[in-house]
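In what comes next, subunit A is part of two complexes: it sits with subunit B in the first one and with subunit C in the second one.
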Partner chain A sequence: MRNLLHDMNPAIKFVMVTVVMLGLAFFFNPWTPLLFFFGVICLQLFFSRMDWKIWSLFMLPFTLGAFGYLWTTIVFGAETEGTVIWSLFGFEVTDEQWAVALSLAFRVLAFSSLSLLFALTTDPVRFVMSLMQQLKLSPKIAYGVLVGYQFLPVLKDEFFQIQQAHRLRGAATEKYWWQRLLGIRRVIIPMLAGAVRKAERSAFAMEARGFTGEARTEFYRPVRAGRLDMVMSLVIVALFVGSCVFGVYLSG
Partner chain B sequence: MQVPETIFAMNDVSFRFPDDSHQTLSSVTFSINRGERVAISGPSGSGKSTLLYLLNRLYPMNCDGIVKGEIELFGKASELYAPGEINKRVATVFQDPDAQFCMPTVEEELAFTLENMRTPAKEIEKRIDRVLESTGLTHLKYVNIQTLSGGMKQRVATACALVMEPEVLLLDEPISHLDPLTAKEFISWLDLLQRRFGLTVIAVEHRLDSWGAFFDREIAIDRAGNIAEDREFIPHETLHYPARIKSVSDEDSLSAEGLSVTIKDRTLLLPLSFTSKKGECIVIAGPNGSGKSTLVKALCGILKKDSGTVSAHACGYVPQSPEFLFLTPSVSREIAFSGTSSAQELEELMESLRLAEIAEHNPFAVSHGQKRRVAIGAMLADKRNILFLDEPTSGQDQRALLELFHLIEERLISGDTVFIVTHDMEFAASVADSVLLLKEGHLSGMFPAEQIWEETDLLAEHNLLPPKGVMQLAESPA
Partner chain C sequence: MLNSWKLKEIVLMSLFGVVFGIVYLLFIHLGNIWAGLIGPIAYEWMFGIWFIVSIICMHIIRKPGAAVMPETMAAVIEVMLGNAVGPRLILSGIVQGLGAEAAFAVTRYRHFNLFVFMLAGIGAAVFSFIYGFFVSGYAALDPSFVALMFTLRVLSGAIIAGIGGKYIGDALLATGSLRGYAIARSKTGDASA
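Moving on, here comes the complex of A and B:
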């Protein structure tokens, strides 16, 4: 049970998540995104081996963002119609304003939790392979992304090495963050110079092994789409429709 | 007797890159028979890799190069091959172990080749198992490639080439990023495979001395891109370095007392102590992951030391890629960056490192040897007279090695101290006054260079090969 979200076909999962997100954008009441947010958490509870510590860490900035939306809409919102429900420090908050603020905040939560559901249950390599096999993404792009993905740890290493070398030369001792940000430019240039060379070598190596960029017909580990994907898609759609119906009902 | 079958033939072939005014290869004529083992040698930039890329059709397609003359591959004109067609019969292994793979695991990487070949899915698993067995890599099937050592990555790259059951194996400086011991193991492994598969092997190489008697034939290319020689292969002697005049003074330059490094609860370096003198050259050697880089970075103050003291003048560090140090768009500004030295001193320094002629060049755009000189210049201009060179010999041809030798010698004579991290014991034997051997973060000791080369067991414990020219060296006057 707890592996279902991980096993789901990544391309189908991607399409479902995208469609639901677009759909969610049409509901302006606060209840729909709130219900959906809790629904997503339940999905993850039952169908995934989510590492909740990582999830909380990722959710933290989004939660702060959501609170920011809530706060700014209440304080600075142009909408002042409706009845005043409470007032604080000279601010008068109307019911309509409150509803808009909540709706915006919950939307942030709903969108971010859904994105995390996808990101934290999907293996990037399998996702790219699935995009190539199910959604007919060009192998040139797919394998390009995969090579880039393999380079990430190497680039990270190089980044630190260059930074250390620059520090030795007394170049990276800027006090303020904006100076440091500008200083990154100096690290990026040697790194990019190396990356371009590496990229060319990789391209040669791939071509020498018969890679032409044509669509392929045979797959060693085909990423399949089957009944499970249908069921899981239905579950996601049901959650979406359910949140919409109840959301509209509760706010109506 | 069987008539040898010609598989590759070049007739009066010239090659020019569209942006160059000179020919990279000019009127090259030769043919290669099935089953031959051919070495293509020549100095850096002589067009030997270009020659190889004409055989696997990477060129002229990828560089819009201009080819004149006839190239026949397996009796068919090379331009008649469809993209990817020749790569089923001619496989290539490249030099950079880090830039040949696109998938996470060995198994998937092998499958990538087979999918390109449109091998039926049912066959793929069988072929993967077969090639892993014949190359002795079965235990690596599910291993993540990025966790492997350079030597193992090169073996995996070779397996990826062999999995398509090619007739010809092209090697583009396959050992230039490997240390000598790993390189030696790789070559004997390759020897076995060549016999088993009856492959034709064509290798571009500038370190032919490491290959023993592997090849039967050598095609030497000169700087102008002509074939200088095409002859039977004779094992190459190791590069002879000139004898060095000792310049060790009595004055201490650096002394470490109980130095240790711990990062995130992992002890990378156990407490160690040693002293170096001015004008001394110290080689730091040991297996991969033995703490060589950690030691260097701790001495230079890049890494924080856990305990102990280092008393030294400022230390300078030259990474394996010297461009990591560069901060400005011109060599002269690069040297003057810190503003520690006076204009007079800078001028003398530029002169002694032969940087005056490239003073206005961009340091990223000069040759590798020049980059290293710029880096050393920048360090010396900061009054960092203890130099640490990280793997300066890796991937260098003979001329570059000799140039490096002289550069180090000059620095030693002017009283600087030079530490070199290297696996290349021939080079070490030619420059070192003493050797620091490290193993698993522990300093086995600091040995005088004259003694250590005969202690074969001690060297073997540290994954090192004794230098090949050691006997002659022992006889030559010190």
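Moving on, here comes the complex of A and C:
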């Protein structure tokens, strides 16, 4: 049971998550995103081996963002009808405004939880493989992306090397975080120049080994789509429809 | 369309996607902390950062698709790295890329000067705003506030993505590593290739 979300076909999971997110954007009542948020947490509890420590760490900044949405919508909201329920610092908050503000804030939470459902249960390489095999992404692009992904640790090392080289020569005397942020431009150009060279070398290497980038039907490591994906998709859709229906009912 | 592309150009876009994917994620997290304090408008003034890879790659490669593809690839890599904005980043990457691509398509991929790059930044800003209007529910906000957000985003697209993108592209050309790409074949760097 607890590996179902991990075993689901990544491309199908991706499509489901995206479609449901777009669907959620049509609802401006607070209950639908809230119900959906808790529904997604239940899905993760039952169908995945979620590391909840990492989950909370990822959710934290988005909880902050949700709070920003809440008060922005209250202060700058378009809706001014309805009865005033409370006022603060001269702002009169009506019940309708409050409902919309809560809705947008909960939407941020619902989106983030759904994203984490995808991010923390999906193997990145399998995801790209499955994009190529199920969604017919061109192999040229798919393998191109994979090459870039494999270079990640190399680029990380290079970043520190360039930084240390700068420090060694006394080029970087950054004390504050904003100075370091501006200093990125000094690091990024050597990084990109290195990236250009790496791209050229690996492209030649791939071509030398017979990579043509033509579309194919046979794969060394096939990623399959089957009945499990259908069932899991139905579960996600059911959760979405359920929270829509109950959300509208509860707020109506 | 892909047949006219060399593999090295695609891998280049992917590697740029990795570098900028990390930069983008960094700014998403910075933006989030900031957004907790001052709301979604926090993102607007720095939105141009998220369009920059389109403009740099188009500046270098100068082929139809060189704006939308790197942006999409950067988004895919952001998703591969794992984050809580998640799969819809790919959608917004495609939308932003198409916005930048539109500006180059309108000028028929003939002119690559600062004006067109700023136009591309504005295009990406407009497209992404329409998308964000829907997904983030800006309809619930006061129209004048939304107008302020829109203006900030367009300015950011033109300045950070347009001017910044050209600056980085030119600086890269000066390192000499771009021999063999369209940018090096046009002497001044902004004449048609």
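One rule holds in what follows: the second predicted complex is superposed on the first by the 244 of 252 C-alpha atoms of A that agree within 3 Å, B and C clash if a C-alpha of one lies under 4 Å from a C-alpha of the other, contacts with A are read in each partner's own complex, and residues count from 1 in each chain.
Here, a contact is a pair of C-beta atoms (placed from the backbone, for glycine too) under 8 Å apart; a residue touches a chain by one contact, two chains touch by 3 or more.
Bear in mind the structure is a predicted one, so any value in this text is a computation, not a measurement.
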| item | value |
| --- | --- |
| Side-by-side fit of subunit B and subunit C on subunit A, or clash | fit |
| Partner chain(s) touched by A:196 [first = subunit B, second = subunit C, both, neither] | second |
| Subunit B versus subunit C as contact partner of A:171, first or second or both or neither | first |
| First, second, both or neither for A:221, with subunit B first and subunit C second | first |
| Partner chain(s) touched by A:132 [first = subunit B, second = subunit C, both, neither] | neither |
| Per-residue contact with subunit A, leading partner among subunit C and subunit B | C |
| First (subunit B), second (subunit C), both or neither touched by A:119 | second |
| Geometry of the superposed three-chain model: angle at subunit A (Cα centres of subunit B and subunit C, steps of 10 degrees) | 70 |
| Which of subunit B and subunit C A:207 touches, first, second, both or neither | both |
| Touching partner for A:162 - first (subunit B), second (subunit C), both, neither | first |
| Touching partner for A:153 - first (subunit B), second (subunit C), both, neither | first |
| Nearest Cα pair across subunit B and subunit C, whole Å | 5 |
| Subunit B/subunit C common contact set on subunit A | 147, 189-190, 193, 198-199, 202-204, 206-207, 211 |
| Subunit A to subunit B touching residues, read off their complex | 125, 143, 146-147, 150, 153-154, 158, 161-162, 164-171, 186, 189-190, 193-194, 198-199, 201-212, 216-222 |
| Touching residues (chain side subunit B, partner subunit A) in the complex | 53, 56, 58, 62, 83-84, 87-88, 91-92, 94, 96, 98-104, 108, 111-121, 124-125, 128, 145-146, 157, 160-161, 164, 170, 297, 300-302, 316-317, 319, 321, 323-327, 337-338, 364, 378, 382 |
| In the complex with subunit C, residue positions of subunit A that touch it | 14, 17-18, 21-22, 25, 28, 58-59, 61-62, 64-65, 67-69, 71-73, 76-79, 100-101, 103-104, 107, 111-112, 114-116, 118-120, 124, 127-128, 131, 138, 140-141, 144-145, 147-149, 151-152, 155, 184-185, 188-193, 195-200, 202-204, 206-207, 211, 213 |
| In the complex with subunit A, residue positions of subunit C that touch it | 2, 5-8, 10-19, 22-23, 29, 32-33, 35-42, 56, 69, 73, 76-77, 79-88, 90-91, 134-137, 139-143, 145, 168, 171-172, 175, 177-178, 180 |
